[in-house]
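Labels run A, B, C, D and E following the written order; every chain starts at residue 1.
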């Protein structure tokens, strides 16, 4: 239990770093580290596949995309953030922790949850048999993502041919 | 068991707060998108944790994986947009994106 | 057969980029329109079984029972399916000519079809997470489509749209997760069953609030509307028509009310809250529309306002209210689709959308002008056009439910609606022809054809209101209303 | 033919015939004109054949069940027949007049289309016995009007058209809310089923908004003078003869024939009607634009009609119904005279005109006769209507109201003769000959009709009497 | 005789009017012949009907008790006869006088239409029918005045129309009140006590009647018309027809419809009106410098005697009033016609330019003199008889002031006619007019006929009093009171007649005093009175039309209209055009400003909305 809380705190800390660090590359890397923590948490929560995906795809692929973008926009990509935002963050953060704690505590005591027996089958069965529609949708979203990127990066010259 | 669920939800809420704080206050487009990523981390944490504490981890895991795929597609689209915006505006300042108003 | 609504557009979309290499225009045009026409035909074929059985649940077993695709189709879904097919067919017809100057037709059509597939999927699945998924698919496609022109306006609009709607969908997913945690299930029926046995009012209340915010943002209810007036005008006209006509309704209104009706249950208090949101949208957006110079921006605000009416009707929860809401949804889909397509025609013809620059086009482009008039009057609720009947039903329902204040505001807002539509009419079409526009010519064939089809629908549905209402709207609404009563009133 | 069939034809011949107008116009100019005249004439003739039915008294209810209680109900009774005859007849005359007047204008297809739609919708409104259908036709008329007012498409004209449309639409939707309130109370939209139902003051107020906005009664009247920018034929058709009578007709149909309205409200309407009449007469005295004066005069006369109906003694009601006829003829005549003058001189300000009696004597005499009729001088028709309204008002013990109404009549005399003097008498400022025979003929026939309607008043009066006894069922 | 004859009595002149109107202007004489013959036939018809007395015709008209109801009885037959007689004389006179009028077609048309309407009004036995014909006369009056063809003719015509309209609308109001209180419109069935509303009805109807007769303050169009309208019109309408009709109605109001008691408030109101009319109008008449205008003021002034007489509500007074009506119609018609004759030959009616015409136009001069003496009430002419009856009546009411006013009137009437006659026909021959001769016979004949009638009715006053007047009052006086006015009619030796004669002598004195003072110029004979201190200012004001209720009324109407327009109509329009629009604009502007395009702003709304929704739902859950 303790290790999980430590991991969760690490996740929070690196997320905070990701938004507070001025250097974008460093921020992206903090995000990747946070993903790493999340992946481990998944693993501990008996979701190993999700953990693997989180580490490889989010911490890996997405970070690469971020770094690529940052590199592409490096020339004029500096935007000066307001200092007050950084200074005020801890105050709001602590305030929110308190509120969050109170809310969760109050919810915690009232809510019954339906008891569910242990699951049958394996992960693969669940994914393919119960969530088949998700796979269809995944096809859809990948198609959408690919087409979107194609559309956004289409060559301008071609327009003139038309 | 449900105590644990709300512990995870507590952290996931924190992550979402961090993300929204960033969205509300910061100006760099890429930073804003990092904030979105943090929010989605919070959500995926909530999904897996919910499954784990409620004996439903296999289903939750499959949802999480699907969600990660969605995230990737979103990131790709969004970053493509950001690059395009950067090409047009030569800047990543979100405040410049206010030509459409009224 | 039902499954084809998702598979066919996806398949065509997958192959279109390849086909686009072979033939840049003709094949994509033909394929897309053929696919959509087939879907429309298909949805008409489904009418009879639905009205005899009430609903269809199909379990597609495939690959030796390894794969399970459950599709549930009832009156509401079929209604949406039909609307989607109809409007999207008209839009794609319009695109044949309109897309000429954008280029990359294949890419465009592919994204367009993915969006349609996602909307069809959303309407068909009886599962919370799948609803979210398809919503997201449609959204990703729409981000790209909004930015399709790649101008700075388009990119800006698309970025804001994306950033707001991602937050909204995160909240939706969070809410779904919590419900999943509570009941251990995701399918509508199971969740509805599970919630009946639980005493989780407060948590559920927060979940509903998240749903309202998340889907409300998709449906552009005020105060979650801010992206819409940027995104819809910036998109290419056919896409504006799709977004305003369909997407906000499917991924916003349909999803919200499907979950409220079939899963959580619509309690009186909740209905009042939603009606309040609806009426605020109606009024504020109408006022905002009044100040616009850009035709499409005005139309976008008008969409917010009309969505308010739809929410007003659906949230009322009485059979009549639902009927009015559904009917208005259909009418708004056709009429707003028509108006956005028309704005595309205007832009195509003159190259501008600014009302102050236009003037007197009525004489030069009679078809565009006439169809625009029909659409505008229909939305404004002027008889004998279709929009009149739906607004009438909504207002009757409001009065029957003793919501007189709402009825009054709804009525007064329709004056505002007429006011700003008259602004368009006056500034763009009705006045004297300006020097600048002496040489303009009518829009190309397919554009005009699409406009005429939609205008005829507005007109004929209005004139043959009774058969339409009896055979189409009323059964769907009654089925829905019965559904509400079956769901536990969870104590709000 | 059965009266039901005739009625359906009367409604649908112009409505469907209108659709053919643009087609005919695409073929040839003459075909379109002929077709429009044919449609108008046919409608008039058919509604005239309903007279025997009206004289029989009683009513025929024809209904076709539709969804939601929105049944298509036709009420064929003396009142509706009376209104349909007047409207279609004047509509027909105006189509004939238009042949000359609109000869050189653009957009003639739209013009004839809208005029026939207008007539058809008017017929529909008159016969419909269902509140929703009444509203439906009401708004169709509004659309037609809107296009017609903005016909010349100048910028400010179009603004005026929008204003008219918005005000009348606004009033009408508020009225619709009132209808729906009644629906909430009774559960039906069918007028026949609602007879004698007592309705609340709120519903009355809401419905009055619609009637007053359409009938241009103070304080919802200002669109009417502004709408004078329309072609004169249209102003005559819309503002004088037919359109503004819609609200009045609705009043008779709803508040007399159907509902039981609270007495306080009735008193309020009486006072508003007479004040409206006075204020508009005052405005007409001050204005200098030919058509605006006539429009204000219309507002003023409508006040009398409302007065007659709201007083609701049989004398006053029959006076008001007769007023619809007499004012329709005379005011149409006045507007069409104004049309001839404006067409010929290209001026609208009466201060710039003068002495036209020398060049257009028939127009001048027709104008004078119609003006006398509007003023209410015997032996012209307007005398009887005004007289009966005032006598009825006195019968209801509304002495001061009657006195005010008579005072307004003096004012009417004053401003109409002022117009006549400034336009037709004095020194000739712009010599302009009279126009085509179809225009002058229509004007002269309207003047002659005004005279005949006075001399042979007992014939229309019989119909009016039938209608009065029919709608004032609560007195029986 | 079938009662449809009544209908024909009305329709026949109307048909003649149409025929006359249709005869093209180029054809000479035919029109005049038809007109004279038709009017002669009507005159004959009048006699026939007078011998017939009681006839009635009722048929349905508008329903609701509004019937087409004609009734001929003694009084209406008498008036009808008189009207037809005057019509005949006017036609005869117009045959020459109006021959070359450019709009002669219309003239005859209107003349006969007016006759038709007048007959209808007299015969009507239903108030609605009465007001129908009554008010229709306004149009013919209007049209006939415009035939004067002067620049101001139309203005005067409008004036007559509006004044007449006002009076007639009052009458409508009165009829309405009467109907509302009695429930019937049949004129022979109504007899009410004038209390409360009925009193209001009485006054309103009385306004209608005296307005037609031209009493003050509804007279002001008549002097204007004297200059602007054809002179035959003056003889026709204000002098004869309108007097006959107006006083006929007034008599019927006081005798039939209402029971007017002598000395009651209403009676005194009537008498005040009568007396005021006599005095004020005669003072105006006195100073006129135009023959026709002078006559027109007398046409007003004499109405006063009739109103006064009827207002006494005493048989002799009423009889005097009615007798004065017929007498006045005769001599005033004669006077106008003779002024027309003068105008016909000399082309002017200004007293200053005329003079000494008696030699060249002896018959006209003779006719004029008789009529003038008659109007002045010189023994034994008819004016003397009727005036004496009025004086008696006025004295009997117990308010001698009214009799005094009537005598004052008599003084100045005679004075002004002395002045007129003196300056037109007698005295030195004017140099401004070329030599002339007597008018044609059709012009002179009517004048002479009227003069003869004046004498006949005076000397042989039994004829009119017994055949015409006394039967009217039969049944209206209390039982036992003898109904015989003839015995003392020409009695010179009673105090009343003495005062009257004294008045005439004073008038003679005044005239010659003024004549002397005015350098022996007759037209200046009234100047001494004109120049009296206070009178002078009043005269000036009145010349400036300050006392003309019409002018003041028009000013009031214009003012009222402006107020209504500026302070009610325009503000309402302002609300639509400006207020509503600017409210819309303001809200729209504020909302538009809120949409500033900043992403953070939009997100804040979204999150704020979320928080609000959560909060509301949690509140609802409590």
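Please note the rule applied: a residue touches a chain if its C-beta (ideal position, glycine included) is under 8 Å from a C-beta of that chain, and two chains touch if they have at least 3 such contacts.
Keep in mind that this is a model prediction, so the values were computed, not measured.
Listed by label, the chains that touch subunit A and also subunit E are B, C. If you take subunit B and subunit C together, the chains in touch with both are A, E.
When the C-beta contacts at C-D and at D-E are tallied, the pair with the greater total is D-E.
When chain centres are set by their Cα atoms, the one at the greatest distance from subunit E is A. With centres taken as mean CA coordinates, the chain nearest to the overall protein centre is D.
Averaging Cα coordinates per chain places subunit B and subunit D 66 Å apart.
Taking the mean of the C-alpha atoms as each chain's centre, subunit C and subunit E sit 78 Å apart.
Computed centre separation for the pair subunit A/subunit C is 30 angstrom, with centres defined by C-alpha atoms.
Chain centres here are Cα means. That of subunit B falls 98 Å from that of subunit E.
Chain contacts: subunit B has residues 5, 9, 20, 23, 25, 29, 32-33, 51, 54-56, 59-60, 63, 66, 70, 73-74, 77, 81-82, 84, 97-100, 102 touching two or more partner chains.
Not a single residue position of subunit D touches two or more of the other chains.
Within subunit E, residues 592, 595, 597, 599, 603 each touch two or more of the remaining chains.
Chains touching one another form the pairs A-B, A-C, B-C, B-E, C-D, C-E, D-E. Contacts from subunit E toward subunit D in the complex involve residues 60-64, 68, 128, 131-133, 135-136, 138-139, 154-155, 158, 161-162, 165-166, 169-170, 172-173, 175-177, 179-180, 197, 200, 554, 557-558, 560-566, 568-569, 572-573, 576-577.
For subunit C in complex with subunit E, the touching residues are 159-160, 163-164, 167-168, 171, 201-202, 205-206, 208-210, 212-213, 216-217, 223-224, 226-227, 229-230, 269-270, 273, 284, 287-288, 290-291, 416, 419, 491-492.
The residues of subunit C lying in touch with subunit B in their complex are 129, 133, 136, 140, 143-144, 147, 150, 152-153, 155-160, 162-163, 166-167, 170, 173-174, 177-178, 180-181, 184, 186, 229-230, 233-234, 291-292, 297. Looking at the complex, you find that subunit A touches subunit B at residues 5, 8, 11-12, 15-16, 18-19, 24, 27-28, 31, 34-35, 38, 41-42, 45-47, 49-50, 53-54, 57-58, 61-62, 65-66, 68-70, 72-73, 76-82, 85, 89, 92-93, 96-97, 100-101, 103-105, 107-108, 111, 113, 116-119, 121-123, 126-127, 130-131, 134, 137-138, 141-142, 144-145, 148-149, 152-153. Taken in their complex, subunit C has these residues touching subunit A: 6, 10, 13-14, 17, 24, 66-70, 100-104, 107-108, 110-111, 114-115, 117-118, 121, 125, 127, 129-130, 133-134, 136-137, 140-141, 143-145, 147-148, 150, 181-184, 194, 197-200, 202-203.
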